[in-house]
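Two complexes, one shared chain (chain A), two partners (chain B, chain C).
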Partner chain A sequence: MEYTVESNLHDLINSKTHKWIFVGGKGGVGKTTSSCSISIQMATAQPNKQFLLISTDPAHNLSDAFGEKFGKDARKVTGMDNLSCMEIDPSAALKDMNDMAVAQNGSVGDGLGDLLQGGALADITGSIPGIDEALSFMEVMKHIKRQEEGEGEKYDTVIFDTAPTGHTLRFLQLPQTLSQLLEKFGDIAGKFGPMLNSFTGGAQNMDIMGKMNELKANVEKIKQQFTDPDLTTFVCVCISEFLSLYETERLIQELMSYDMDVNSIIVNQLLFAEDDSEHNCRRCQSRWKMQKKYLDQIDELYEDFHVVKMPLCAGEIRGLTNLKMFSQFLNTGYAPKVDGKIIYELEEQK
Partner chain B sequence: MVDSIVLVSLVLVVVLRVIQWVSHYKDYVIDSIWSKPGALKLRELSRKLHGLKTEQRSISAQDEYARWTKLNRQILQLETQVKDAQQQLKQMRQTGEKSLSRLRLVMLTAPLLLLRFWKGKTVVFSVPQGMFPRFVETVLSQGWAAMALAPVRYVWAPGAFKPLQIETPVCLGIWIWALTRVLDTVEFVARSLTA
Partner chain C sequence: MSETSEAEKRRILRERRQQKFGNGGGSSRLAKITGQTDNSFLSTDSPLDSNSSSPGPVAQKDNQESTKEMDELLARLAQNESKHVKDVGPKSSAKSPELDLFAQLVKMQGGDASTQGATPETPDLFAELMKSMQADSQQGAQPDFPFGTCQPPIDAAVLAAHNASVNKLKAYTIIVKWVFFILPYIYYTTHAARKTFESSDMEAVTSKFSFFTIFTTFEIVTLSVYYQLLLSAEKSHHINTLNSNSKILSLVSMIPPGLVPIKNLPGKTSQALQYWDVLSMYLTDLAFTILLIGLFQYYWST
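Take a look at the complex of A and B:
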């Protein structure tokens, strides 16, 4: 029996098991639009579940996409009962960290306290490469912990609108790296544990080993969940151009090396020129020809993937109404002859 | 008896030296004895990898993206296999190297050492008395130990060494040392000429 893969995300949208969905790709290919679309479709298809869309991209676009302001705390999208959004702000998180350090260690008048009051910790930590990813990861851990403790809103599925490929790969590598690091630290701390504890100050009596073990257990849990295809999947977003495809292939290979499930590709900004009666200009035709060339290659390379072909719309896909209209094609697939008029309908809505 | 001792020493020294000469072919020797399948597998994989890379370089990624990517996937897969094969071969070679050095120790180094200890003073040939200074003649006949023991001997029996016989014998220990030196020099000359 031949197994055919549908060219839409119907299975994922109606999935009852997925807890973590990552949406990623090269910069400017429509990751935010795609992640918003997936979230909206999932929230519509499963009204009894709660969904959270988190942006881990330092250059946040969720607020722009929905046309309303989101912050570092999850807030419901206006017009949707079961979809919330949040934007992790590394600089705000760093400031929080700095304030905590001030509260714990610094009193005015002592040297360290004065330094921390000036935001030194935030400045130093902010310059560490990969700190954005680390903070996003910490946010995920905090979120899991909160869910376990039954605090705040409980979300069944979390969708990540990720940063461009490099950042995302670093983010996804973090559980592995942290796990190895903690393993090594555990070996050393086993030998010097009591000494480390005494260094941190007997009065405060911080149990470094205990904290490390707790962190290690959390990291292991995340690692396990991220590599379970029933719980986690990655949706690649690209456009039908060489560099975008090249980066998508690199992303897929990397993800596979992390044992992450990846079986969906959204190809955005397609022109479908021959079916466009209104604007079938020469430039569109030749560009569509190029896009078709790469689409054929995608079909050849990713025959066991859900490859969803999405149209380039006349206007920006912003606001819940536009996103809802656009996102339906993720569930059903886009048929240029039938659905072509929506490209211009989107333009009319402001 | 003396002839056979000399012959055995000669064989041991020369074989040890030959092994040293082929030390840069050690991997080849070890591969052919202990890790032939691993070495063959690695060679085959490397050959395939080279072929794929050449093929990939000959095509344009933009014109034939699917073909280029498929080749890239195969290359990535092969690179992992090559890495694994290299690791396996390294382990096999280490095992082979250990066996080889143990074999060398038992078969060559230890017998030669024993020979130098027990038969070190065996006379191989003699040179006429007075050909070399007395001190050198003492070393020739009694080995390097005589040099180390010279101060003790001086304290024990002060005064000049008296001639004992009309010929100075050359002992096996010194003969082996001289043979090694000669071989070293020959090797140095040969290397300098071929470099």
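Take a look at the complex of A and C:
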């Protein structure tokens, strides 16, 4: 039976099952705009649900995209009742952990306590490569735990505005890596348990083992959720150029090797020059010709994917109004002849 | 369209996608993309092809290669280099991105910053840990245990039997030494050759054929024989006596590599303890010999 695949994200936007949506791709292709657009459309289509947009990119852009400041604590977007944003700040998160450690264990005069008091640990570990991915992952685990325990704000769907490809893949590897490491630590603790008990006291050792087992259980849960296509999906964002196409293909193959569902591709910054007789310079024509060449290949390679073709707008897509206007094309698809004027209306709005 | 048919449609599309990417499809797709550009240096090795046999989610080490390779390639393209992209070389578990977080903690513990905490003398703790994880996945591989020498668990009864045989060997060595040589020699020296022994203050020590020279020579020979017999007993029982019994060695083995700037600390400690074991036997014999010489001399003089 032949199925036609719609060239929009209508199914995803109206999905009632998805809990985790990753939006990723190469740098500078429009990931943030796409993730913001997806979040806005989902929040608009499903007003009874709560959505959270998290930026895992160390170079956060969500605040710039919406034109308002977001921090490490989720905050509702101004003008949206069911969409919140969060930018994970590694140094702030580490400082919080540092302060918590001081409150629990540190004492003035003690070497470790002094180190913690000064926040030196947070300063040092904040620059560790991979710390952003690790902290983002911890946020994910926190949300799962909160949902199970019914604490705090409950979000039905979390959308991730991810960092450029390499960082994202590292993030996605974390469940598997942590699972292996925790298993190894468990083996080590099992071998040296009696000796550790004699040094640390039995109760403390049990506490550590208990926490490790809890962490391991959470990590396993996340692994299961990330590989369930009804719960998690990855939306690839690209532009119609050679390197972007190549990296998108590699990204999709990597994600498939992780058993992560990928079924949607957003192709950004398309000129549609032949449908725009008014603004059709030679450069645009030439560029559009190049884009069409790769678009044809995209259509051929990804015939079983939802390929959404989005236009290059005349101005920046910033602020909630512009984002709402732009994001509608994700739901309905962009028809150059009909919707062409909108991309110039975006320019006029400040 | 009903929910069931929507779900069915999604499932069918998913299977179609997986089918197209599987069975070498990944590489051919990449080749199709790179083939449209002349002189493309981009790799067409697919992560899916290297992972086609493993079911379920597995974070492949190749992922790091492909990601790192892409980043390097893009950096070179930005600088308009025309060199061929080479493989980045054998993967070092110390450079594993997932371990960057932990490797930096090792750096905090005093390793060389330029090598991210790993030097030839102080191997990366978490590289050792990853090695042990990798070794575990290979059949029959002996894990390179990061916390010291790793012996397979020894049966308590076998260990007790081995310790008993070692103690018996030690006892027999002492008895043979003392009964058949040391005691008679002390008697001879302090009685029959008393005048020679007492004639000079230092002759008993400095003379080529003095008492202590002969005594030390004898001790060296007997202790060497004892040590060889001990080694053969350990070999036959497949037990290292020191590793199994020494509390000092077990504590030293707990110290992770890299924490102390001494290469192979457990090995060196084991060696030192072995030397001490032998030396202590000599010193014990020497002490008792001096005591007996004093007693015999006192007895003969009264």
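FYI, the second predicted complex is superposed on the first by the 336 of 350 C-alpha atoms of A that agree within 3 Å, B and C clash if a C-alpha of one lies under 4 Å from a C-alpha of the other, contacts with A are read in each partner's own complex, and residues count from 1 in each chain.
Methods note: contacts are C-beta pairs under 8 Å (C-beta built on N, C-alpha and C of every residue); 3 or more make two chains touch, one makes a residue touch a chain.
Every value quoted in this text rests on a predicted model; they were computed, and no experiment measured them.
When both complexes are superposed on chain A, chain B and chain C clash.
In the overlay built on the shared chain, the residue A:Q180 is in contact with chain C alone; chain B does not reach it. Judged by the touch definition given at the top, the superposed model places A:K223 against chain C, while chain B stays out of reach. Comparing chain B with chain C, more residues of chain A are touched by C. Look at A:L271: by the touch rule set out above, it reaches neither chain B nor chain C.
When the two structures are aligned on the shared chain, A:A43 is found in touch with neither chain B nor chain C.
When the two complexes are overlaid on their common chain A, residue A:L245 makes contact with chain B and with chain C alike. Once the two complexes are laid over each other on the shared chain, residue contacts for A:Q253 go to chain B and to chain C alike.
Only one of the stretches 20-28, 218-226 or 290-298 in chain C has C-alpha atoms clashing with chain B after the fit on chain A, and that stretch is 20-28. Comparing the two complexes, residues 242, 245-246, 249, 253, 297, 301 of chain A contact chain B in one case and chain C in the other.
The part of chain C that touches chain A in the complex is made up of residues 6, 9-10, 12-14, 16-18, 20-21, 26, 29-30, 32-34, 36-37, 42, 46-48, 51, 56-60, 63, 66-68, 70-71, 74, 77, 97-98, 100-101, 104-105, 108, 129, 132-133, 136, 147, 250, 254.
Contacts from chain A toward chain C in the complex involve residues 1, 3, 5, 11, 124-125, 127-131, 134, 165-166, 169-170, 172-177, 180-181, 184, 188, 192, 195, 223, 226-227, 229, 242-243, 245-247, 249-250, 252-254, 256-263, 293, 297, 301, 304-305. Chain contact summary for the complex, chain B toward chain A: residues 61-62, 65-66, 69-70, 72-73, 76.
Those residues of chain A whose C-beta lies close enough to touch chain B in the complex are 242, 245-246, 249, 253, 294, 296-297, 300-301.
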